[in-house]
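Heads up, there are several structures right after this.
In the two complexes that follow, chain A is the common piece, with chain B as its partner first and chain C second.
On to the complex of A and B.
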C-alpha cells in the first residue's frame, strides 16, 4: 500500500505557486517488485559495518602477537561467526553484481574530450578487476604469496 | 551539525562509493578465506609469522586499512539511507552524526592497527 512519505520529501528550496499532491512512498516499497533489491542493497550496510569491525579485530590481534592471532582464529571458527561470514559473502557478491550493473549507467556522457568506453566494456573491466583481486587476496590469505 | 554534514557530503560520498567499489573487491577474498574456508578447515590458516610478514609490508598495510575502513563508510551511509526511506528523516542529523562518527573512529583505529603491525 502507498503510504505518506516525509512531508518535506522532494520539497523545492523556495515554495512555488504550483500546487502539488503530498508525497507518498511507492506502493511496492519496501519489499515488492524492484524495491526488494533496492532495500536489500541498502540493508547490506549493516553487514558491511559489522564485517569492517571484525576485520579490525583480526588485524589488531595480528599486531598484538601470536597468542592473540591464535585466539582470534579460534573465535572465527565459532559457528555464529561462520554463519555471519557466509551471509556476508552472499551480500558482498550481491552488492558487486548490482553495483557493476549500475555503474555504466551512472557514467557521464563525456568528460571533456573523452567519452567513456561502451557499457559492456566497463562491466567487463569491473568483473575482471573483481575476480583478479579476489584471486590475489585469496591466494595471499591461503599462503600462496609470501 | 546539519550544515557540517552538507559541507562534508562530497567526502562522505567519496568514501561511500569507494566502500562499494574497492571495499567489495577486497572483502570478497577476505571473507571467503578468513571467514569461511579457514575456519571450516577447508584451507590452512596462515601462520602468525607468514601473516605478519604479509600484513606489515607497505602494500599489506594499505590494503588492510582500506579493507577495514571503506566498508565502514559504505555501511554507515547505507544504514542512513535506509533509515530515511523508512521514515526516519526527522532524526537524520542525529543518526548520520552517530553512524559517520562510528565509521570515522573505526577508520582511525584501522590506521592505528596497521601502523602497529
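On to the complex of A and C.
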C-alpha cells in the first residue's frame, strides 16, 4: 500500500460535497523504479555536508601549525577516510552524469537574441569542461603545473 | 481454437458512503490480446461488476480522462495494451489526488491551480479588429508548441514527489501551461505569471525528479517547462530590479 501523501495535496480550495479518500504518494516513491536514482541524487547532499566538515577541519589544521597538519594528513590516510572519499567521488560522478543529462532541458528557448545550442552539444560541452578541469587539476596536483 | 488468456485485475475500490479507507477487489477475466487496459476495465464494468466507477471518453489518448495507476505507474489506460502486462494487473486511482470513488479522483484542486497561472493570452492593449491578426512565425510557434500539446491527463501530478509533499506547489501541467503563454510571442503577460511562479511554494519547489516528463503520454516534457520557467522567473525579477518602474523590453 502506498504511503499517505500530504493530506492537503491536490485538495480543492472549496471542498466538494462528498467525502474523499486521502491522497497517497506514488507507490514506487522513494526507492523503487526511476525514483531510486532521484532519491540517491538528493541523498548525496549528506555526503557533501560531511565533506564540508572534513574540509573545514583540514583548513583549521593548516592554520594551526605543522604538527596539526601532519596529524590531519595521517588521519586522512586511514582506510575509513579513503573509503569515504571513494564513495564521495562515486557520488559526484553519479550526480554529474544525471545533472548533465537533465541540464539541456532547463535551457530557455532563447536568451535575448541568442538561442542555446542543441541538447547533445550542451551535454558534450559539459563533459568536455569536466574532463578538461579534471586533467588540469590532476596535472597541478602531480606537480606538472607549478 | 484455444481459450483467450485470463488475467487478474486487482482494482482499488472506495465507496465514500460505506468504506473508511480504500480496499482492493480482484477480477479474473478472459482478455483479448488486442485489448487496451481501458477495454479490460470497461469489460469488468459492463459484464462483471456494474458498481465499478472510472472515467474515460475518447479511447484515443486525446481527452486525458482515463489516467490511472497501472502496476504502480501513472498510465493512460487507453494507450497501454493488456498484453504488455503480466498475469496480474494492479489498477489504482491516480496518486496524489483525493479519491471520490473507486478509480475516480477529485480534479478540482488541479483546476484551481490551472486558473492561477492565467492560461490565456494577455495583451497590454488589445488590437482593433481592423489592425488584423497578430502574426507569428513558424520559429516563434515552435518555442511553445510542445507545451501546448498537454491533454490535462494529470499523470504528471500523479508522478511528482513534490506534489505529494507541498500542497502549494502549482505542479507540472499548470506551470507548463503558464510557461507556454510566457514564451508565446503574442503574449504580454509574462511578468504577471512570473510573479505567480516566484510566489510561495511554486516553481522553485521543483527538485527536478523529471518523473513528470517520463510519464507524459504526449511528450510535452513538463520538467523542461518548469525549469525554464524558473530561469525566466529569476531573469524577470532581476530585470525588475534594474529597470525603473518595472519597465521591460
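Everything below uses one rule, namely that the second predicted complex is superposed on the first by the 129 of 146 C-alpha atoms of A that agree within 3 Å, B and C clash if a C-alpha of one lies under 4 Å from a C-alpha of the other, contacts with A are read in each partner's own complex, and residues count from 1 in each chain.
The rule we apply is simple: a contact is a pair of C-beta atoms (placed from the backbone, for glycine too) under 8 Å apart; a residue touches a chain by one contact, two chains touch by 3 or more.
None of these values were measured; they are calculated from a predicted model.
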Message = Output check: A:130 vs chain B and chain C. Expected answer is one of first, second, both, neither. What do you get?
response = first
Ask   = Does chain B (first) or chain C (second) touch A:121, or do both, or does neither?
value = neither
Query = After lining up the shared chain so the two structures overlap, which partner does A:62 touch, if you call chain B first and chain C second: first, second, both or neither?
reply = first
Query = Should A:96 be classified as contacting the first partner (chain B), the second (chain C), both, or neither?
reply = first
Chain B versus chain C as contact partner of A:42, first or second or both or neither = both
Ask   = Now for A:8: first (chain B), second (chain C), both, or neither, which partner does it touch?
value = both
Ask   = For A:34, is the partner it touches chain B (first), chain C (second), both, or none of the two (neither)?
value = second
Query = More residues of chain A are touched by which chain, chain B or chain C?
reply = B
Inquiry  = Please report the chain A residues shared by its interface with chain B and its interface with chain C.
reply    = 6, 8-9, 25, 29-30, 42
Message = Help me check something: in the complex, which residues belonging to chain A touch chain C?
response = 2, 5-6, 8-14, 16, 18-30, 32-35, 38, 42, 102, 105-110
Query = What part of chain A is in contact with chain B in the complex they form?
reply = 6, 8-9, 25, 29-30, 39, 41-56, 58-60, 62-63, 65-66, 69-70, 73, 76-78, 81-82, 84-86, 88-89, 92-93, 95-96, 99, 129-130, 133-138, 140-143, 145-146
Chain A contact footprint on chain C (complex, rising order) = 14, 16, 19, 21-22, 69, 72-74, 92, 95-101, 105-106, 108-112, 143, 157-159, 161, 163-167, 171, 183, 207-211, 213-214, 221, 223-224, 227-228, 230-232
Ask   = Which of the residues in chain B come into contact with chain A in the complex?
value = 19-21, 23-40, 43-48, 50-55, 63-64, 67-72, 74-79, 81-82, 84-87, 89-90, 99, 102-103, 106, 109-110, 113-114, 116-117
